Amino acid sequence: MFPAILPYLMLALPLSAAVASLLLRDRRVGAMAYVCAAASAVSAAMWSVVVLLHGTQTYSWDTSSVWSSYAITLDPLGALVLLISSLTFACVALYSLFSREGVTVRGAVLFNLFMLSVMLAMVADHVLLLLVAWESMSLTSFLGAWGDREDQDTSAGWRYLAVTHFGAALLIAAFSFLAITSGEVRLSAMLGLSGSLGPAVSALVILMVFLGFGSKLGLLPFHIWMPDLYGRAHSTITSLLSTAASNVAVLVLVRTVFGYVGVGQQQVLALTIMGLAALTALWGAWQALMQAEGSRVLAYSSMENMGLILLTIGAAMLFQSYGAGEPAAFALMAAMFHLVNHTVFKALLLMGAGTVRRATGEGSMERLGGLARTMPGLSAVFLVGVLSVAALPPFNGFVSEWAMFKSLMHAELISDPLVQLALPLAIAVMALCTAIAAAAYLRLYGFTFLGRPRSAGACRPRPMAFSELFPFIPLALLCLLLGVASFPLLRELAASVSPLVGIPGVQVVEGSSISLLHQGGLDPLGLSALLAGGVLLCYLAMRALGPRRLVRGDTWDCGTPLDRRTQYTPTGFSQPLLKVFTKVYAPVTEVREDPRPSPYIRGVRFEQRLPEVFLERFYLPLSAAAIALAMRVKRMQSGSIQAYLAYIMITLIVLLVVLR
Amino acid sequence: MVELLLLVPLVTALLCGMSRSERSIFTLSVAGSLITALVAIPYCHAAFFQGPLDRGLWYLDPLSALFVCIIVAVTALVSVYSVEYLKHDRQEGEANIRDLRYYHFLLHLFALSMLLVVVVDSLGLMWIAIEATTLVSAFLVGFYKKSEAMEASWKYLIICSVGITLALLGIILLYASSSGALPEGTDSLDWSVLRSVAERLDPALLKVSFILMLVGLGTKAGLAPMHTWLPDAHSQAPTPISALLSAVLLNCAMYGILRAHLLVEAAVPGFSSSLLVAFGLFSLLIATAFILTSRDLKRFLAFSSVEHMGIIALGFGIGGPLGIFGALMHLIAHSLTKTLMFFSAGNVIQKYGTREMREIKGLGRTMPVTAGLLIAGMAAIAGTPPFAIFIGEFFILSGALASGAYVPAGLFLLLIVAVFAGMTYRVLGMCSGEPQEGVSEGEIGRWRLLPMAVLAMTVLVLGIYQPGPFMDAISAIGRLFGVSI
Amino acid sequence: MDLTKLLIVLLEVLFLLMVSPLLTGVVRRVKSWMQCRSGPSVLQPYRDLWKLFRKSTVASREASWLFLLIPYVCLGAMLCLSVIVPVFSAGPAGKTGDMLAAVYVLGLFRFMMVLGGLEGGSSFGGMGSSREMMISAIVEPTLLLSIFSVAAISGSTDLSFISGFFASSGAEALSPSLFLAAAAISISLLAENSRVPFDNPATHLELTMVHEGMLLEYSGRELGMMELASQLRLTLFMVILSNVFFPWGIALGTGVGELALGAGSIALKLLLISAGLAMVESVMAKMRLFRLPNLLTISFTLSLLAVMSYYIL
Amino acid sequence: MLSIDTINFLAAAILLVSLLVMASTRMGQLVRSFALQSIMLAAVAAVLAHQTGSDHIYLVAALTLVVKGVAIPRFLTYSVDRLKVRREIEPLVGIPASLLISGGLVIVAYYVTEPLISSAEAVTRNCLAISLSVVFIGMFMMISRRKAITQMVGLLMMENGLFLGIISTTYGMPLIVEIGIFFDVFMAVLIMGIFAYRINRSFETLDTTFMRRLRG
């Protein structure tokens, strides 16, 4: 039977492609490896569809070893995430294949391995497989991001590894708790363990899982690696890391918290998680607004989006802990939907940012501008991505953000005053994040594509072949499709998250309209039709007034010819908001007078720097303290043999006297 | 007979010592170590699957068989690796043909003494063998005859001798404790006899005896704060010898501690295991500090050995099926992985002519295969899945959590993360960047990559899939500890 | 959707389209009275629009394909919004439209308009865009929170439902939280529509302008569309304000008499609000840009309090 | 009973000689004191052998006398002459302080062995405590003295303490073990001698406090 080989294809293709290109070290093989990756992604998508049609499928391989049998399983929830992720994978594979600077063997190998580990992590039904896939994701993404660069500075990459390894250690601890409590290594055999774990330990486990996965999602304070990685690494890697890796993290997090452990009565924990997620989202939005590089904006934007998703998941936990299953299911559905949407538009945006950087040779928005005229195709698809990420109708980000907002509006179902204060606050945070992040995306688009070019590279970007643009198109279409006609997907999502909250079937979609408990719903299809109709009407009305006569002229310049320096800069653009939130950013300003030979001309230099608070106030002191402590310990290895012998003697005497 | 297992390395050592040409030395050495490995197979098989071999002086139970396997395997790999290593040394003028003879004579003698440690029945003879390992390996540590090497071997000799003397006192007290338990006139130092009466040994004497043995053998096993000789000796010895020291010698001392632990645990439950946990964690703590600050590649690896011996002690201390399995797995995996790490370090050091990690740059460019294996080894040694060490750490952690030892578990987790951070920082620093002037591209030697590749594959496979016989052997050892794995 | 409903919707949209320029005219007229000027006719905005629609367009050389698309999107979004927002009739008989979605449609309008400001690459456009984003970063959360409080009281986010709920429940629905929300939305109305004290719609002085700065590069037909869209936006805000907080007279059925009453009452309310707006604009001065956040934060706090007080009190 | 008293007397004398070793200021004095201790140890063994009548303890006594009482001291004296070691001891901890600390170590040893003694025979009591004391003192000797040779003597003293423990608590180990231990000790001293010679060649001193190149 054909569908039975799909999972094998999905896993074997990238593995064999990676091994083949590693052994043969030929660029053509590397190119073939990307094709294999795309094929594997397609088979993953097909498998997901099969699972969505026929229900959960499990494959297991018996080993006589300590790990009993390895198994992979795909449930409908996983299938939905895998479906969208694999479509994105296929696009990114094509993007890498067609990219101008060509295919490198190393890139192809790492791409395939990374994709393999992501897919494996999504379907893993075994503790070891999950942990292996998870760590291999970190390692391959790290190698992909840093390995091919010649720069001396590996500290940023090291930060990434260290932080994710810390997260992995927490996950290892958490899953080891689960495994010893259930006596199982199969994940699907774990169900509702909170009863046997006890409230304190299950809270600990949930927190560890949350922080562990959070380390990849950029949860505060684990986000420090994100901007540097996104700023430096190739967009192939970042576009997968931000999307597929996040999908894995959230998917397994949801499965663990709601399925394996079960929420129980963890109200305080849920509120804590919501608080942390809210801070993450806010911090991400604030920082996204101030970054000069497009890829760094997108890094913080990932942080913001993941913060919102985790906030909604936290709300779902809160509802669940009070026994309100329906809103919990709705919140989970909203979060998962935003997750898949984020996959689509973030991959599009990161690929776009990478293309811009390579076409112009400029990474900073301070030196870009005007690309909409020279790269119209890219500017159009990028606009779709920006509108999606800014949650504007009729694109997908809008629908999922609407649903997330809506899910927080069920405070009246729970009579606890704490919750009734917390949920409105969550809404306030979400609203603030959305607004600030929208400003950041606007700035990203406006200063990259609009206005006049700010550097020579931006004046004459390398032209883009259609094959380069092609991988963007399915993603852009998907952004629109998921925004306009997402109701079948939402219906599936709602059905697949409802077992997690213990409710047989939550009805959230009626016709094409989404709502819960009849509290006002959204009909994305209708709204989009109205929008399209409005625009069409305007167009027809204007046509009726006669053809447009268009004259090109100079920009209004008040009589002073405009040059590069008269244009608004991205820094200037965000300056008012910097002033508003000056307490948050705590900018370090330095005004220096330049010594000049002439007494009549005064030169003044103004410098403003936004400190990376978490790095400078938390991590650097922490590591400095650790090193200082280690240096003190190091003194014990003084080189004196007498001292060494004294250690032995003292140890011995102390032990004998104390324990005799 | 077990004597054959000991005879082959002895003969190899003597033949190597008498050979005239470089070629014949290398051939003899490799052949000898491989034959030893072959000879060991039936013994180990019997010990694992047919119960202990108890023949007079010799005693081979599953635990000894495991150590025999590790010793012969690592020795074989080391003798293969040594070929090109010493050729390179000879080209550089660091060693002449006499040194070669001397090296191989001692190498096989060293292997012999370590084999002796694990196959004798009497604890007294075990002590003698352990002291013999110190005496033989001191010459190997001082192989390069530089003043640092002299210093290191002196410290090694003195500190380990002191430690081992304390251990002997412990053995004496153990012996004394048995006098009440055994029938008059049959007091014995044989482990197999002591084991059978373990519950009736005098607890007061046993406690003091265990402390003395733990401190004494712990010195040799590299448990902090008695580990001080270890970085010196490891850094000064020729790199293949460092591998042997780290991967096998430390384990031999750990073997002695385990033998004592098994006895004490039967008579005074909980006493020795809590001491093992304490020493394990302390070693982990101290080693972490040094790993974070070390600059010398081989010292760095030596401290990593301290760390891992700490983890192994922790695992055995935690006990239970999970802890014991984890510790055994970790012990095996650490031997193999650390050998791989030292081999990689040997390539790097011979290529760059320095051990200073800050002066080593751009390995990814100059020696891509070594760099790849180094990174794989680093990932493995830092406990990244799916390498075998991860399995060990995972089970030790699970064991700690299952037994409710949350504080040790938390500390353990925190420290291995810190170690990971320190490890990656250094290794990445070496692999990236621009190589300095005068370092040509290309690996040094192809054959030395073979044992490394074998090791890397083994730790990888062992992490993902543990073959049936392997698990059977482990569970045979587990039964010795009274747990069913 | 049956035919009557469709008809009502069409009527409402037409009504809004027709009345929007008039309201702008009224505001200007009232303001000039207050300044003891006779001022232009209230029909002047119609004439302006007609003139603009027939003029040819001058576009900057620097502007891209997006520049000419933006006015269509903006006006289209406002048309879409006028379909959603209940004008004459509400309740089960009225149309359905989600209030949260309405905020997002407004967001789309603003996003596009601000992007338009960045086309051309002059410093005026950038300045206007930058300031607009600063204001909207706080106004949008305020709006959403106010909606949340209203939704919490009425039990739905459906605009028509809310309006019908308040119309039918009368005085018992009055609560402190409603007042706070009304205050917050009123301040947002001023901010969102670039009125004094946030912006001065009557000036093109570069140091103060926000809204006009963004439209500086537009001309002819496109300018007309943007102007109309802005006027429509003001009207829609007023309609929302009046139909949510003062829904008296709104039709709850589809009877002709009811509808006529609804139309009459909404027209009256719009006139009153316009007059009020003109009063506010006349007695207040435009604020310094960096004092705006204070006012905006006040409105944000008001809306947060509105939500909180609903649950606490 | 005579022999028990004799053994106890000799054991106490061994302890006193350890303190004498500690108090030595010259290399020659040190080595001679050590030789005296070894001879006393041989005497203890001989008495014990007489008491228990086991032949192999006679052998042990003879070996102790020959190896530790004669051969090793001569080897040490030869090394001191050959390597031109300075005659002074050069302690890191002064002699009075060393003696005080040694006294403290004796107390510790008695304290530690106290619970063990209750269950042991009369001979064992003192001897076990004394043997532990001698081990401690030997170890302290290694810590508090600079020269490589003094460290060797310290180690040998530790081993003397150990032997006292062996013969007094267990009346001797199995013969093969005993002989093996003797062989090992002898080899160890020889090898240390070789290294001391090499160290002297490369550092031009036997002062171990100069060997501090390997640190950190």
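Letters A, B, C and D mark the chains in the order given here, with residues in each chain numbered from 1 onward.
Methods note: a contact is a pair of C-beta atoms (placed from the backbone, for glycine too) under 8 Å apart; a residue touches a chain by one contact, two chains touch by 3 or more.
Quantities reported herein were computed from a predicted structural model and do not represent experimental measurements.
Contacts with subunit A and subunit D are shared by B. Centrality by Cα centroid goes to chain A. The chain with its CA mean position farthest from that of subunit B is C. Between the interfaces A-C and A-B, more contacting C-beta pairs are found at A-C.
We define each chain's centre as the mean of its Cα atoms; on that basis subunit B and subunit C are separated by 77 Å.
Centroids built from CA atoms put subunit C at 35 Å from subunit A.
The distance from the centre of subunit A to the centre of subunit B, with each centre set as the mean of the Cα atoms, comes to 43 Å.
Rounded to whole angstrom, the centroid-to-centroid distance between subunit C and subunit D, based on C-alpha atoms, equals 99 Å. Residue positions 154-155, 158, 162, 166, 204, 208, 231, 290, 293 of subunit B are each in touch with at least two other chains. Residue positions of subunit D touching 2 or more other chains, listed in rising order: 112, 115, 139, 142, 151, 208, 211, 213-214, 216.
Counting partner chains per residue, subunit C has no residue touching two or more of them.
The full set of touching chain pairs reads A-B, A-C, A-D, B-D. On the subunit B side of its complex with subunit A, the touching residues are 154-155, 158-159, 162-163, 166, 204, 207-208, 211-212, 214-215, 219, 225-226, 228-229, 231, 271, 275, 286, 288-290, 292-293, 322, 325, 361, 364, 379, 382, 384-386, 390-391, 393-394, 397-398, 401-402, 409, 413, 416-418, 420-421, 424-425, 428-429, 432-434, 464-468, 470-471, 485.
Remark: subunit D residues 112-113, 115-116, 118-120, 124, 131-132, 135, 139, 142, 148, 151, 155, 158-159, 161-162, 165-166, 169-170, 173-174, 176-177, 180-181, 183-184, 187-188, 191-192, 195-196, 198-199, 202-203, 208, 211, 213-214, 216 touch subunit B in the complex. Residue ranges of subunit C in contact with subunit A, taken from their complex: 53-54, 56-62, 64-66, 68, 71-73, 75-80, 83-84, 96, 98-101, 104-105, 107-108, 111, 114-115, 118-127, 129-131, 133-134, 136-141, 144-145, 148, 151-152, 155-158, 161, 216-217, 221, 225, 289-290, 293, 300, 304, 307-308, 311-312. Across the interface of their complex, subunit C is touched by residues 369-370, 372-373, 376, 379-380, 383, 387, 390-393, 398, 402, 405-406, 409, 411-412, 417, 420-421, 424-425, 427-428, 431-432, 434-436, 438-439, 442-443, 445-447, 449-452, 518-523, 527, 530-539, 542, 545-546, 548-557, 562, 566-569, 572-577, 579-580 of subunit A.
The touching residues of subunit D, when paired with subunit A in their complex, are 92, 105, 108, 111-112, 114-115, 136, 139-140, 142-144, 146, 151, 208-209, 211-216.
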